[in-house]
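One chain, subunit A, appears in both complexes that follow, with subunit B as partner in the first and subunit C in the second.
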Partner chain A sequence: MPCKRTLFSLLLSLSFVTAAPAQNYITKNGTISFYSRSTLEDIDAVNNQVVSVLNIQKGDIAFSVLVKGFLFKKALMQEHFNEDYMESDKYQKAIFKGNIADMGKVNFTKSGIYPVMVSGDLTLHGVTRKISTGGTIQVRDSKIAATSEFNIRLADYNISIPKMVEKNISPTIRLTVDCMYEPKN
Partner chain B sequence: MNPKTILSISVFMLIFLSRSVGQDTTDIMKQLEKEMGKSEKEQTFYTTSTFKTTRLVSGHSVENTGKRVMDVKISHRFEKLNEGSYSLFGLDEARMRFGFDYGITDNLMAGFGRSTYQKTYDVFMKLRILRQSRGKKNMPFTLSYVPTFALRTLRVNVPGISNDFTSCASYTHQLIIGRKFSDNTSLQIMPSYVHRHLITLNTDPDDVFAIGIGGRQKLTRRISLNAEYYYQVTRHQLAGTNNLLSIGFDLETGGHVFQLHFTNSQAMNESNFIAGTSGKWGKGDILFGFNISRVFTLGKKH
Partner chain C sequence: MIFLILMSYGPLVMTKRTKRTIFFSILGVLAIVLTAGIYLYNKGPVCVKCAAGKQVTAVILYQTFAGDSTRAKREYTSQILEVSGIVKQVSQNLQNQAIILIQTNEPGAAVNCTMEGPADKIRKGDTVALKGICTGMDTGAVELGIPGDVYLTRCYLAK
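Right, the complex of A and B next:
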């Protein structure tokens, strides 16, 4: 009898594990946009093909973005962005690899919005730097939405602005991240 | 069931469980890479910035003006360097062309211009038929079609040359096949056909066929070395004309592109520089010239 009970509990634990919520959530059409406000010109662009993976157990989060996928309203801005500043043929992707520190306080079984802190390595234009910023995790049914806003300094990533266009481009760029994740089984 | 069997079952299950959990939490970077690879295959990436601007030197490059973008071009061609110091190596006088190009769609642009060379008006369009891309749609090169019409309005008093419309009009049809080989290197070939009535000799043909070849090599992020050469198929060549050869630099500074070059033709419209170049590099008939391009985005502002 005790043997049967052990077997039963083992089977029970097996069924529990398989039915447990997925650990990894992914998106392939997340949004990252940025803007630069300066005295002469406003520049903004958006990328709707952001790929991201989020592990809700460990709080690991990673993003991969094709630099060429940023769309501008002005064709010439897009050309200069790729050719002169980001060198997107050479540095094709921007990558973020990080961790959400306070993932523990997010209840994934209940809808709600939770403020979180994210930190990790951002690789842009061939330069990797540590960043940390606040964001939100929103649990909505079986989906998870993640948003964040933060600034980066172009000089930190070896992106130089020629003197001639100094007044057109802000040295600090505001980035907005908005992703809707679905469970990956 | 004896304890040994239970033990072996539970060990097996533990391994099985840990494996299935392990699979769920594999390195997210690996999964990211996998998903990114899939995503890249689902998208088409068009090659951009094959050249800095829509002209190589005098002739068209495979590049188009962006949609709703107007490109104002001012070009000068000075006199020949071999005129010497008396005329400051040709800088005393110049032929000038001003022109306006406009991107109707991303793949269709049109433009017109007026040149002091034989008081010529020209109008053209450039249609991009195929566009170099990778990803979901893979295309190794860009193909464009450029028809140009030019009208000489300079009245000439030479017996045998009429100043009526048909004699002053010329037509050029070009196909441009171009490829950006790397970030720095782009090449193109331009099969061209020129039809005109401005014939000085009875033996001169109405039709000229030429093959152009051109390219650019970037020297820095904002400076490139450009060259273009048009070879006229000999039996169709006009008497006294030479093949066009131009070598120049593109300097890009934000909204402007400055093109500085040396060429053997003063003309800035296709029918004249492909089929009517009289200068010869070997004899020092080389002249300095420049194009200035300034683009303006029209329409919706934000």
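Right, the complex of A and C next:
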């Protein structure tokens, strides 16, 4: 009888272990796009190779993206972006490491869209700056999606635009992040 | 330029016909330069589908990036590669593009290919050769024991 009781307790504890939700969620194919609107032309590019990790217990969130993975509609724009502005051979990655302050508002057992505030360090073109922005966490089945839109000033990251093309590129760029995570077991 | 050359011969009396020829020659050169400039400015991305890719296996590609990143960047980054190997996983990204993971020798790591061409015939376990532009290797999430992938973008099924 004691043996049966021990076995029952063991199975019960095991069932709790397996039913516990994952703390870390990951994607290796998230999306970051950017948009520049200026008087002469609009420029946009997309990167679908974003690595991101989200810890739903601590609210820690990190993104990493290879700069060369941004795709443009025009080859010349992509070439200038990599060689002249982002210097992607030298600064290969853009990285964000931050925290979702109001993670407690998100109910991960109930499907829905939850607005959150994110703050952290964005490293771009070898320059790290603190940023703070709004975003949403969407809970759907066992998956979690995170989205955010925010602006950055190119001058803040030592990205200089030559006078000749300054009317073609906006000094402020709109960034959109869109990631669908899966649990990391 | 043409004007200067003509002037170097001393004062010339140009006929109306000569003047017209010079005018239209300059106009023609300007038109060619302008057309070339507009073409280069609006030129789309390189045609991955029509280009020949440098052949390499997924295992070798990954090993090179993991072991000698300087050599890997020199040989593979920004190049069109034709990477062969066994399909580990087929999924879709948020833009509904197919994502094909090709196996490497490192557990949890893959050559991560975002498809531009059709991928409806590609299944897990298939041996494939995918052609695409190599964008480099990410470091993954070291603290969680998740190795980085080597990335290929704008991929097409080569074999």
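To be clear about the criterion, the second predicted complex is superposed on the first by the 168 of 185 C-alpha atoms of A that agree within 3 Å, B and C clash if a C-alpha of one lies under 4 Å from a C-alpha of the other, contacts with A are read in each partner's own complex, and residues count from 1 in each chain.
Going forward, a contact is a pair of C-beta atoms (placed from the backbone, for glycine too) under 8 Å apart; a residue touches a chain by one contact, two chains touch by 3 or more.
Since this is a predicted model, take the numbers as computed values, not measurements.
Overlap between subunit B and subunit C is detected when the two structures are superposed via subunit A.
Residue contacts after overlaying the shared chain place A:Asn99 against neither subunit B nor subunit C. When both complexes are overlaid on chain A, the residue A:Thr176 reaches neither subunit B nor subunit C.
In the superposed model, A:Thr31 makes contact with subunit C only, not with subunit B.
In the superposition on chain A, no contact is made by A:Thr123 with either subunit B or subunit C. Legend: residue contacts after superposition of the two complexes on their common chain; A:Gln57 is shown touching subunit B, with no touch to subunit C. By the touch criterion defined above, A:Lys74 lies against subunit B and subunit C together after alignment on the C-alpha atoms of chain A. In the superposed model, A:Lys184 makes contact with both subunit B and subunit C. When the shared chain is aligned, subunit C comes close enough to touch A:Asn48, but subunit B does not. The single stretch of subunit B with clashing C-alpha atoms against subunit C, selected from 184-192, 274-282 or 292-300, is 292-300. Looking at subunit A, you'll find residues 24, 26, 28, 49, 51, 53, 62, 64, 66, 68-69, 73-76, 78, 89, 93, 184 touch subunit B in one structure and subunit C in the other. The touching residues of subunit A, counted against subunit C in their complex, run 24, 26, 28-31, 46, 48-49, 51, 53, 62, 64-66, 68-69, 71-76, 78, 89, 92-93, 178-180, 184. Taken together, the subunit C residues at the contact with subunit A in this complex read 40-46, 73, 77-78, 91, 93-95, 97, 99, 112, 114, 135-136, 138-141, 144, 146, 148-149, 151, 153-154.
The touching residues of subunit B, counted against subunit A in their complex, run 1, 3, 6, 9-10, 13, 16-17, 20-21, 24-25, 28-29, 31-33, 35-36, 38-40, 43, 45, 48-49, 66-67, 69, 103, 106, 182-183, 221-222, 252-255, 295, 297, 300, 302. Residues 3-4, 6-7, 10, 13-14, 17-18, 22-24, 26, 28, 42, 44, 49, 51-55, 57-58, 60-64, 66, 68-69, 73-76, 78-80, 82-84, 87, 89-90, 93, 97, 162, 164-165, 168, 184 of subunit A touch subunit B in their complex.
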